[in-house]
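Dropping the structures in below, format is structure tokens.
Two complexes are shown next, each including chain A; its partner changes from chain B in the first to chain C in the second.
What follows is the complex of A and B.
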């Protein structure tokens, strides 16, 4: 049962479920802070919603990589050899692991930035910039995953 | 097109005309009035007074009107537009309303009073509802509430914890030879409601046993008769109060037709407050007054003519001094104007720098398009925002935003068409071959490395443009030598680095990657030497000069990470088209049948809207970030104070003269 297909699918699953779980956690951290602000001042809904949505991108990246691994499997044909399968599994790890951590930590920065908006909504952009700093590493991770998938087969 | 030049205005006028001149200046709305500077020479003649009493009175009236507006808004049944715009109002209608302002103010006060009555009625209802809940807990109590004793017994009423064991307590009382009888007359999950009948002689010991078991007495002071009768009585009064509250609400709903009037008068008083505040910045003497402020240079003549025509005034305009900061007003063309608020959210440019918007606009719009990168989404966005921009009445900020989104939509169509993505692979699916490539240029999903190379190249171009902007700033400030040292040398250095790493970038054509390496090495070395020699030049001693030069080498790492940061163009662009394709795949699982088509339409609508919203938001914030950090970081001199002309800052109406 441990053939190439098994490992490749495992890689796709890891890429998405780690990054997706991280995003869920990150968005929820930011979301709790956001609800607190909206409870005080409903007019700030749009600003805090934008900040809350930022940690969701890691989940999207995981989704994209999972899809690309599966597309690669289709491209390589039904009987994938174990080497290629393991290679695809490993290719899924950067976005899976980095995505998970960066989403959670980005969620924390987003929550702190929501605190900025609570005090001064005019400084929302500064909060967005601070939050996006964390995202860069998830972007590098998806990039590395894409490049790795491209090298398989 | 850029930062508008400003002239410093000094206006001297007669005291009698003062109020009329201020009002006229407000109508023109072209002067940013600064607090007049009274030096020692003028100190004995002029002084500045803020009329605090007047301000206080106006603020009070504004608060009353504001309260009434917030109440009536809840009762205003009219359809509200999606985009809030101020109502247009002809000047004579406005004047008519101003004449009736006292009447309107009285009405606003009445609204606030009625609102208080409503609150009182509602809290009365709540109080009675609570009372009913409490009485219901005692539903099994059959004796009238006011009865607390008979000839020889005392009747105790109170609560005990739900866990209390009444049988055991009863046994304790009986076992001690005391005459007492406990009865449960109601219960809920937390409490038991107890009535105890005790012989007068045994009151003391029995109550202490009860207390030990957590008994807390409850008083029914003010009640008479049985529980059911009391509940019925309260229910009657609740229905009375409800009727009253409904009546008050109806009254407020009727008053809501006056909302427009109250809003107009609100704006009238805020205008007056603004005048009163500005009046405090004016220096007044016995017969004359003077004020100072900034006027956009193009409006100088108009202001001069208009004021001289009507009043005896002396107007002087002068250019700002070399090191004088003047307020910043931006004036840009169709495209550059649209991204103005993106820059504004970061900071306004310093008056001594170059307006970054005209150069930034194409980058912002193209990067947005590249990250959303689906022609279908772009089409929807361009059409929707274009329709709103051209056909819906909007305030200026919203208008600019819609224009920007329309332009971003057009850029998205452009990139989407190049990459062959129209709602993902919708067109190939309709043609019957889902994997057919309809791209004009190439499909990023099949060749992501190629797009990565281009993304990084766009990054290099963007950063180089940022350096060019720095040169433009330095030239405007006449620091010509710095252009060579701080811009040109960096170009040499960075270009060397770029050429050196080209062979390592995936997706670069083989012929190119072999040739650049050696050249890059030479350029990098040359650039490094030049920078080492010049970057420490501001230090006084030789050690500082060397350290300054060495430290500048670190910027190479900064440059490299800036360029890598543009890989987000690929990551976000790919995300959109991949998810769009998955949506189509999921939708077309049902096959080509009646239900299949319905399923497809549903999945298509929901999936694509979701994908569009998430990725449009991503494209917007990431495109902004690339401007703020990578681009502005190279040259931007912010901190400009916005030009805030003295004008009618109204919230609800726009007065048309």
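What follows is the complex of A and C.
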């Protein structure tokens, strides 16, 4: 049962599952703040929506890595050896774990930045920049995951 | 307490609502207004009801405030901690009215937790079972103390003390260190006020120990122990508690009780303002609510001043610091 394919699929699952769950949590935190602003002032919908969407990128990165791991499995053929399988599992972890935490924390910054928009719509860009600071680490994580997948096989 | 991120929605709403608070700009425009009517227009712009009757506008703003806080908060019950103050006030009015043989009409506050009619019934029937325990025993104590002293002020002292104790207990039960600290600070300030007033009138130590409320950051025995010394000695006794600056005011100007009271309110406001920019948690909500109450208080001072044609600088001196 514990052959290479098992570990590789597990890696793909973790990459998406962790990053996706983190994004869901991050977007929900930001979304609650966004709906609070819209409840008071409907004109601010567009600016808070952009901020709310920012923590969703980690889920997309997880999706990309899960896809790449599975593509790699196809490339390496059906009988994947255990070493390659474990290597693909480990390659999925950076975006899985870093993606999950960075999405949740980014959601908190996004919610706080929505507070800036609540005060002044014109300061939306400042809020976006502050929120994107957290994104950097998710980008590093997906790059490392991609590099690691490239070294397998 | 719920996890603080559950407050994201409410905090965002308060963030927008803060735009309608009375900042320095609006306050100045109200003071500089030629007539009370044009000062009222500033209030209308800030989302207050439209009417010529300023009492109506301010009362409506105060009662809308509690409904609003309860509507947006994920834990509406927390705000009862503050609303019980009005129940304590209503019990006082009911008791005094009963003893004076009047009906107290027009003196009641409508933001209490307990419905006013049932509260009136409970007080009349002396049925304290459904009251919070602090109020239940305070009600009995007030009736007892009044029948001995015939001094209605004793009711105020007992009921105020009961509210503070209730505030502290509920704040601690809520498991929020912020609320507990706020409660302790409120008690400390009430105690320091009592200490200074009773000392100034050179009344006996007995009264002081009856008025002092337990649960503040400064233990009660610090006050009673310093009763024989002067205010500077008391300041030395409570060194490091953060109230030194307030006491300095009284030491420099022993008759400036009005200024001192204002400084006490500002001291609590400074604490609330420290948490204003939190993105989560109950802190910005409590800050908004108490800040809005200060706004209403300030608006009343300005409008009364305008109606009585009081000089702008005199009005300014009386105003409390605002939240925004």
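The definition used in the following text is that the second predicted complex is superposed on the first by the 153 of 153 C-alpha atoms of A that agree within 3 Å, B and C clash if a C-alpha of one lies under 4 Å from a C-alpha of the other, contacts with A are read in each partner's own complex, and residues count from 1 in each chain.
Following the convention adopted for this analysis, a residue touches a chain if its C-beta (ideal position, glycine included) is under 8 Å from a C-beta of that chain, and two chains touch if they have at least 3 such contacts.
Since we're looking at a predicted model, the values are computed, not measured.
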Side-by-side fit of chain B and chain C on chain A, or clash: fit
First (chain B), second (chain C), both or neither touched by A:41: second
Chain B versus chain C as contact partner of A:54, first or second or both or neither: first
Touched partner set for A:139, first chain B, second chain C, both or neither: first
Greater chain A contact set [chain C / chain B]: B
Chain B versus chain C as contact partner of A:153, first or second or both or neither: neither
Contacts of A:125 with chain B and chain C, given as first, second, both or neither: first
Which superposed partner A:33 touches (first chain B, second chain C, both, neither): second
Closest approach of chain C to chain B (Cα atoms, Å): 8
On chain A, the residue positions that both chain B and chain C contact, one per complex: none
Chain A - residues contacting chain C, complex: 29-30, 32-37, 39-41, 44, 108, 111-112, 114-115, 118-119
Interface residues, chain B side, partner chain A - complex: 345-346, 445, 448-449, 452, 506, 564-565, 567-568, 570-572, 574-575, 578-579, 581-582, 614-615, 617-618, 621-622, 624-625, 628-629
List of chain C residues in touch with chain A within their complex: 5-6, 8-13, 15-19, 72, 277, 279-280
Interfacial residue positions of chain A with respect to chain B in the complex: 50, 53-54, 56-57, 60-61, 63-64, 67-68, 71, 124-125, 128-129, 132, 135-136, 139-140, 142-143, 146-147, 150
